[in-house]
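Both complexes shown next keep chain A, but they swap its partner, so chain B is in the first and chain C is in the second.
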Partner chain A sequence: MTFKREPQVFGASITEVEFGTEGASVVFGGANTLPLYNFDAQAKHRALVGIEISDKGPDRSLPELSAFYSGAESLSDIASRACTAPGADFVSLVLESADPNGDNATSEDAAALAKEVAVALAAGGKPVVIQGTGNVDKDQELIPKVAEALQGMNVLLLSAKEENYKGIAVAAVTAYGQKIGAESSVDINLAKQLNVLIAQMGIKPGSYVMNLGAAAAGYGFEYISSTIERVKLAALSQNDDALQMPSITSVAEDAWAVKEAVVSEDDFPEWGPREERGIEMEISTAAAALAAGTDAVILRHPASVKTIADMVAALA
Partner chain B sequence: MDKFIIIGERIHCISPVIREALANRDPEPLLARGKEQLDSGATYLDLNIGPAERDGEDIMKWGVKLLQENLDNVPLALDTANRKAIEAGISVYDRTKGKPIVNSADAGDRLDYIDLAAANDAIAIALCSKQGVPRDNDERMQYCQEMLEHAMELGMEPSDLWFDPLTLVIKGMQEKQVEYLQFIRQLSDMGLNSTAGLSNASNGMPKEVRPIVDSVLTAMAIECGLTSAILNPNDKRLMGTIKTAEIIMNRSLYADSYLDI
Partner chain C sequence: MKKLFDRVFDGADEMYALAEKAIEDAVAKLGENTPLSMPNTAYHLANYLSYTKRQVTTISELKDAFEEAKTWRVREQNLSAVFRTGFGTFMAAETIEACKYAKSADPYEGNYHGHLSDAEVRELGVPLVTNDIPGFVVIYGRAPSDEEAVDIIKGYQTRGIFVFLLGEIIEQARRLDLNMGFPVRVVAVGPDIWQVAHIISFVNRAAMIFGAVQPGDRYELDEYTFWRIHAFVNVYEPVSDIVVACGGGAIAMGFPVITNDEEDMWAVPKSLIIQKTTPDFIETSLEARDIKLKITNVDIPVAFSSAFEGEIVRKADMRIDYDGSRFDSFELVRMAEAHEIEDHAIEIIGPDIDETPEGERLGVGIIADVAGKNMVKDFEPVFERNFHNFINCAEGIMHTGQRDIIRIRISKTAFDAGFRLKHIGEILYAKIMSEYESVVDKCSVKIYTRPEDLKTLRAEANAVYDTRDARLLSLTDESVDVFYNCILCQSFSPSHVCIVTPERLGLCGAVSWLDAKATNRLNPQGPCQVVTRERVVDPEIGIWEDVNENVFASSHGNLESVSLYSIMVDPMTSCGCFECICGIEPFSNGVVIVNREHIGVTPLGMTFPEMASMTGGGVQTPGFMGHGKHFIASKKFMKAEGGSLRIVWMPKALKDLVASKLNVTAKELYDIDNFSDMIGDETVAEDPEALMEFLAEKGHPALGMDPMF
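Up next, the complex of A and B:
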C-alpha cells in the first residue's frame, strides 16, 4: 500500500494582526497549521523577530553589543541602529526609566521618549512595539499616555493585565487606534478570560494579541511552552475564537536575567564569555517558544535576532 | 476531539407560529427563531416543514434561501417526510458553512434517504430503527451496520452518517435508558458520529421537570461520546450543561466567563 500523506490543515486560523504605518508595517498570525509545519500548508506570514532596546540604552559592558551600537548615543540613534540589525522585523522599546522601582520617570517624559523612538523607527522602516514597566499601576497611567503621544502610528503596546486591561483597552485601542497585548503570565485560563473580557468591551479581533508570559529555557520554561501549545491547539483544533489571537513572547528580559547570562567570566572561567552565554540563552528560549507556537519573539542581541530570523526563514 | 454540535430544533412545523409562517411564507418568525438559536450557540438549524405533501418543494426552497441569505449561510438540516422537498432544498443550498443534513434516514422504509444524501454529498441522520422502537442494542447495531454498509457502497464517508440511537421516553421506558447510553458509547468506540433528539426522553413530564431531565441526560450522553444533538439552544440550563460538559471533557478551555460565550 502506498503512503498517502494527509496534510494537517485546520478549518480555523489565527487572526491576522498588523502594526506599524504604511511602508513600515508587519502582519503576523494567519496560520492554519501547527507552528512551523510549513509542510502541511505554507504559513501566510512568517513568525516575527523583534529587537529590543531600552530607553536607558544598551548594556555597553558586552563587547559585541557595544560595538553594534557604537557611536549611537541618543535614544533615537540607538533606535535607528536597531533598525539595521539583520533579521529584525520590528523594534521593541522598553520604557525602563518609568519603572517606579527604578528612576520612576513621569509617564509624560516616557511617552515623549517613546515618540522620539517611534519617529526614528518610522524613518528606518520598522514598526514599533512599546513595552511598559510591568508595574500594574504605572502602566495603567503610562500606556494611555504613550498611546496618545503615538496617535496614528499603529503601535503594539505591551501589556494589558487583568488588573488594568479596561483603561488600557479603552485608551489605547478605542481612543487612539493602537494595538495591545493581553498579558496573562502563564495562566492559560486567565489568557482566555482576558481575551473574552477585552472582546466584551467591543474591541475587535485584529486589535489585540496575547502575551502569554515568558521564562528562560531551564527556568520553568516548560510551563510557558505547554501554555503556548495548548492555546494554539485550542485555537486551531477546537476553533476557539477566544484564543485565536497571535501571541508574542518577550524572551530578552528573562534570558538575560538568569545566572548563565549574568555571572562574570572571572567568577566562572570555565563557562566562557558572558555575552556568548546570554546569546545562547536567547536563542534556545526563542527557538523553543517558536516551536511551541508563539507568533513573534523579542530578543535583545543582534546575533540572537539574526540566528532566529535565519531559522524561521530556513523553515519557511 | 471536535466540539459538540448543536442542531437548533425550534423551526418546527409543530409550532403553530412556524406552521402559519410556512403556509403564508412569512419570513419574520423563521428569521427570529433562527437568529435566537444561533446567538445561543447553535451550529446547524433544523428546518422541519412536516409532511408537506402538497407544496413541500416550494416551502423548502423558500425556507433554505430565506435562512441562508439572512443568517450568513447558516448550515441546515432539512427535515421532512417529503423526499422531493429535501432534494429541492438541497438544489438551492449554499455549502459555504457546511454540508446540508438530510433528516432523516432509517434502516427501513427511509433507507433511500441515504441514497439521497449520497447523491447530493450531504450528511444523513441515520435512525437506528426499522419499524418502531428497536428491541435492544443488538438490533440497534444491526440497523447501524446495514445503513453503514449501504452508505459505503454508495461511496459515502462514514463520518457523513450521524447515527441516532433513538431516544426513548423515560415515562414508560425507564428501564431502557442505560442501554441507550451504552449504545452511544458503542457508536463512539467505533469512531462514528452520532446525534439524538434528547428531549424525547422527557416527553409527557411536567414542564418544570423537563429541563433538568434534558440537561442531565445530555450530560450523560456527551460523556458516552455523543457528538451532536437536536435540541432547543434557548434552554439556558441545557446550554449551560453542554458548555460545562465540554469543559469537563476538556474540549473547550476553561475561562471564568465560559457560560457567557
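Up next, the complex of A and C:
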C-alpha cells in the first residue's frame, strides 16, 4: 500500500497582527496548520524572533554579550546595536527602571526613554516591542504614557492583565493606535476570558496578541507548552475566535533567572561558562515554545537569537 | 403654557440668529478666506464634522456649512425633528465659538477653558470609557446660593464625577475660591450657553476616537453616546428657550436633563426631570443616568481584612454579645424597588452598643434592602450567606451562624476604637455594593436591638426563610429554562466540565444551581456559563443535544457527550474535588458511596483515595462517579439506573448527614419507610460478604433489581 499524504489544513486561521511602521514592520499569525507543519501548508508568516534590551543596559559581565554591545553606551546606541543582531525581527525594550521594586522611575521618565529607543529603532529599521514592569498598578499608569509618547509608531505593548486591561487597552489601542499583548497566567480559560473582555472594550482582533505566560525549560515549562498547544488547537480545530490571536512568549527573563544561568563558573566549574549555559537555556526554551505553537519569542542573547532564527528558517 | 417642542424651536432660532451675526461679523472683520480652526485638534469643527462630515477650515467654508446646519432646524411636531433641531443648535453654537477662535487663538485669555484639545479628549476619554470616571455632569445657570454651588460641585467631585460648568455658577464657585481645573476634574468651560459647543465637541470626538464612529453616522453616534458616555445635565432656574433647545440635543444624545424650573417645563421620564429640591440634584441625576459609584473603602474605625476572618472574641474580651441562641436575632436580605430605598441609609433602631452595659447579652436583627435592575430574588440568600464573611473581616468582631441562629460579639478593643452598630451597616453596605456591583444599584441597612421589634421581625424573617426553602424544593431540573456549566477547576483538570442543575449541584458541593446563576450574573465572562436544555434526547438518562454541544466546546473537544442522570452511560466527569465517589458494588446490584473524610476501606476493597484515582482527571469511567453530598438525596441521583434505591453502603457519618432527606425521597418515589436503615455502613460491613448478609437481612430493594451491566 502506498503512503497517501493528507495535509492537515484547518478551516480556521490565526489572526494576523502587524506592528511597526512602514518599511520597518512585521506581521505574525496567519497560520492555518499546526506549528512548524510547513509540509501541510506553507505558513503565511515565519515565527518571529525578537531581541530584548533593558533600559538599564546589557549584563556586561557576560563576555560575548559585552563584546556585542561594546562601544554602545547610551540607550539609543544599545538599541541601534541590537538592530544589527543577525536573525532579529524586532527589538523588545524592557522598562526595568520603572519597576516600583527597583529604581521606580516615573512613568514620564520611562516613556521618554522608550521614545528615545523607538526613534533609534525606527532608524535601524526594526519594529518595537515595549515590555512594562509586570507590576499591575505601575503598568496601568506606565503603558498609557508610553503609548502616548510613541503615537504613530504602531508598537506592541506588553502586557495588559486581567487587573489592568481596561485602561491599557483603551488608552494604548483606541486612543493612541498601538498594539497590546493580553497576558494571562498559563490557563486557557483565563486567556480566553481576557480576550473576550478586551474585545468588549471595543478592541478589534488584529490589535492584540496573547502572552500566555512563560517559564524556563525544566522549570514548569510543560504547563506553558501544554497551554500554548491547547490554545492553538482550540483556535484551529474548533474555530474558537476568542483564542485566534497570535501569541508571543518572552523567554529571556525566565531563562536567565534560573540556577543554570545564574551560578558562577567558580562555584560550578564542571558546568562550564555561565554565558554558554544561559544561551542554551534560552535556545531550548524558545525551540520548545515554538514547537508548542507560539508565534514569536523574545530572547536576550544575540547567539540565541541567531540559532533560533536559523532553526525557524530551516524549518520554513 | 408653551409647548416644550416650541420652546426648543424658538430657542434654536435664537441660537441660529446669534450664529448668523457671528459669521457676518467675522466676514466683515477678517474676510471670507481667513483660515479657521479650533486649537490642537485634528477634527476640525468636531460637531460639524460628526453631524455633516464637513471639514471646515475657513470662514467661507463655515458659511457654507452653516447653510447646511439651517436645514437641520425643522419646525415639525415630532421627536425626531426636535432632536435634529437640538443637534442643529449645537452646530450654531459651534459657529459662534469658531468665529471667536478665528479672531484669537485664546479668546478667553485663561478666564475660561473654552475648547478642549484632542489630548484632553484622550486623557478624559480613557477613564470615561473604562468607567474609572463614572460619568460627567454639565451644570448651567445660577445655583440658589454660592454655598450650594460649591456643595454640588464638591458633591460630584467626591463621587468621582467629572464636572463641566457653564454660566453663572462659575462666578459663584470663584467667589468661594473653589479650586478648579482639568486636574481636579472641574472645568469652567465658559460664561454663556453657546460654550456648550465645546462639551459636545468633546463628546463627538470621544465617539470618533474611542468608538470608531464615522463622521455622518448618526445612528452609531447616538448608540455610542447613549451607551458609553455617561453624561447628564443640571440646569438651575430660570431656564430660557435657548437652553431648552440645547437640552433637546442633550436628550437626543441620551443625556438626561435635571432642573428645578417648573415654568413651562414638561417632565419626560428618564429624560427631562423636574427636581424642586436642588440639593437632591446629585442623587436624582445619578439614578436617571444609571450611574453606579465604585465603593473602594469600608468606612469603619477598625481594620478590615480577610486576615481577621477567623478571629475569636472571648468572653473576657467582649464588650457585647448578640446571642441568637437565647434572644430573638436574625439577618435578612430583601429585594426592593429602587424608589423604596435611600442608598447608603444606615438606621439603628433601638439602643446602640454604648447605650448597653458592658458584657450584656441580647438580640440583634439586621436587614439589608437591596435594589438593582439585574437583581433577582434568588440572590437574596446568596448575599445573606456572605454576611458571615463580610462581618468577620472586621478586627475585633466575631460573627457565626446564619438566618436566625446568628451570634455577633464585639470586643472591648473594637468598641474603644469607636466601633458601633452603624459600622456593621457600613461593612454590609460597602461589601454588598462592591462584591455584587453588577446586580445591586442601591442598598440600605437597618439594625434592630429592641426585644419587642425583634420578636415580630424574627417571625417575619422566618416566613421569608420558609418561602425560600419552599422555592428551593420546588426548583427541579424540569422547572428551569437553563442549566449552568462550571469550569472553575479547569486550571488543574483541563478537560473537566460540571453541568450544574437544580437537582444536581457541582461535585465539589460548593456550587449549587443558584450559586452558578449568581456567578454568571455577577461575572458574565466568568467560569459559569448558561447551558440551554432545549433539544432533549432522553429525559430519563438526562441527555440533551445542547448540553452535549456545550460540554464539547467547554471541554475543548475532550468530551462529546454526558448524561446527567446515569452512572453507566457517559457519566459526568470529575475534576478531583468531589465530596463523594459512588461506585458499583457488583454482588448486590447496588452502589457504594464514600465521602472524602472517610479513611477506612469500602466493601469494594478500595479506600476513597484509591477510588479517586479512577474517577478524577476529567475522564469518563462508567460505573464510577464523583458528586456532591447533597446529590445523594436528589430524585435525579442515578435516575437512569433506578435511583437512590441502588445505594447499599455509605460511611455512617455520611449516612447520618443525608438520612432524613434521603428517607423523604425514598418514601416519595418508592414508598419505602426509613430507607437509610437498609443501607450498610462500616459498623456492619467492610467486605462484600458481610454486606450481602446485612442487605439480605434488611430486604434491601437493590437485591431484586436488574443487574447494572
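The definition used in the following text is that the second predicted complex is superposed on the first by the 316 of 316 C-alpha atoms of A that agree within 3 Å, B and C clash if a C-alpha of one lies under 4 Å from a C-alpha of the other, contacts with A are read in each partner's own complex, and residues count from 1 in each chain.
To be clear about the criterion, contacts are C-beta pairs under 8 Å (C-beta built on N, C-alpha and C of every residue); 3 or more make two chains touch, one makes a residue touch a chain.
Here the structure is a predicted model, which means the values were calculated and not measured.
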item	value
Chain A as common anchor, with chain B and chain C clashing or fitting	clash
First, second, both or neither for A:35, with chain B first and chain C second	neither
Partner contacting more residues of chain A (chain B vs chain C)	C
Which of chain B and chain C A:196 touches, first, second, both or neither	both
Partner chain(s) touched by A:239 [first = chain B, second = chain C, both, neither]	first
Which of chain B and chain C A:167 touches, first, second, both or neither	second
Partner chain in contact with A:230 - chain B first, chain C second, else both or neither	both
First (chain B), second (chain C), both or neither touched by A:132	neither
Footprint overlap on chain A, where chain B in one structure and chain C in the other make contact	188-190, 193, 196-197, 200, 230, 234, 238, 240
Residue ranges of chain A in contact with chain B within the complex	188-190, 192-193, 195-197, 200, 230-231, 234, 238-240, 242-243
Interfacial residue positions of chain A with respect to chain C in the complex	144, 148, 166-167, 170-171, 174-176, 187-190, 193, 196-197, 200-202, 226, 230, 233-234, 237-238, 240
Footprint of chain A on chain C - complex, ascending	122, 125-127, 129-132, 209-212, 487, 490-491, 494, 525-527, 553, 556-557
List of chain B residues in touch with chain A within their complex	2-3, 251-257, 260-261
